[in-house]
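Letters are used for the chains, namely A, B, C and D, taken in the order the chains are written, and counting of residues starts over at 1 for each.
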């Protein structure tokens, strides 16, 4: 689907919000692409991100799904809006066994209040990409509450 | 609901698996309680776990929901089984604004192959506990594949 | 949880809306109980409601889950609001093999815009009640759009 | 995605199972297309299928989503297997306001035990198709229990 962003600044707005998320730095996540209604985040393998079998932890996989969904939605929201995840549902389809996690989210519907998103998370092993997880997410747009003003002090 | 564990060792089994999860150490998660069909995990606030507004990141909240669900289920599984999350759905109901995140999961049904779980995540602020998120999760029991043998080398 | 309804009329409002749903009549659903934040619906077995094995169809089970959730939420909404289901997630845990389907929904959180609900659907066989399905649902309150004014002409 | 069916009979198997579902007859659902990993079902508008505003009831929409998912999965399963829905999550994005409901499901992953599916339900009004709902579903394959032998007597 093709979307027209309501804010000319949509890319900068997403990048700034992403860089305020200290958890992204902790897990070494990279914001790789932002388009209107689309977001892509990569997380390279690190032993500190693993579950009991040495694979990417489901918590990291869901973080990537949730964050790409949130920013895919945020890219379509008004200049002075902030975004919150209402809920998401994630299916884990293959173990996160590989050197890189790639999350990609596409907006299905951008409503006045709610935005619906679908996400895929791929695991790259020896350069080969495989579907690792898929999510469906509901986001809410909070109008007149700019993202940067919500900072917890 | 009351469950009878199939492994006398259920608590030790969960603790060992939890401590093999390096991601739990990274986010400083504590395994606080394990009962048959129940698991509780705490995560104290740390600025490295925050999203753009300075609250606990949804990825941390979902990690806690997923992990308590997985271990609540694992506590009921056979000695030589391992557990995987098939899918989960999480509603975020209040911002993770507080000093401590508490995840609690209870098994709804422990089937032969699949186990269904409900989870609540609470946020504690100034000592007051508030419902932050709720999840419903499907787990699968992999028989004859002991958790510790699956370690990625 | 205890809730205080915003409309003194909450029970009548739910009953009238329920009786406008012609699909409820088709499947012979009975609105059995409405309390603030709670709703219960029963559907007696009928061969026309079955799937390929002769059990209650998952579509009927999800109808009961969705409708009890919607009306549990609606009971807490303002006099002039209507309710829509944003999304729901349903786990089917046992076949709908029995003479009566009982749906019960309880509100977890009644927010300004969104309301979150948990539902259980039980199957009664030879008088014995068994958990058949469990759902978690997100509802939205549409203010100043009374339910009865939305009728499609 | 392209899938190779394990049963040469896959189409006949789905059609026979569909026609054993008496609930499909009650709601006048038509099985319009079955391909390996794909299923499409149509339901024409009928006043008996409506909710309180006169639109298709969410229960009918979720029936269509669930059934197309189940049969998309069933088309890939072994000759002697039957299929059950483990769980599904459905987002309702537009009211079911129109003359025809069209459900389409595509398999994302066909695993040994579990199969994951994505579904879209469209509403057609005055000949124009609009996305009405989207689902993500987990199915389980029950091997050596042929669908037709499970009939409830």
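Rule of thumb we're sticking to: a contact is a pair of C-beta atoms (placed from the backbone, for glycine too) under 8 Å apart; a residue touches a chain by one contact, two chains touch by 3 or more.
What you are looking at is a predicted structure, and each value in this text was computed from that prediction instead of being measured.
Between B-D and C-D, more C-beta contact pairs join the chains of C-D.
The chain with its C-alpha centre at the largest distance from the centre of chain B is D. For the pair chain B and chain D, the distance between mean C-alpha positions equals 32 Å.
Centroids of chain B and chain C (each the mean of its C-alpha atoms) stand 29 Å apart. Centre-to-centre separation between chain C and chain D, using Cα means, comes to 22 Å.
Contact of a single residue of chain A with at least two other chains is seen at positions 86-87, 89, 91, 138.
By the touch rule above, chain B contacts chain A in their complex via residues 17-18, 20-23, 25-27, 47-55, 57-60, 62-64, 66-67, 70, 82, 84-92, 95, 97, 147-148, 150-153.
Across the complex, chain B meets chain C through its residues 89, 91, 93-94, 108-109, 111, 116, 118, 131, 134-136, 138. Residues 86-87, 89, 113-114, 138, 140 of chain A are the ones that touch chain C when the two sit in their complex.
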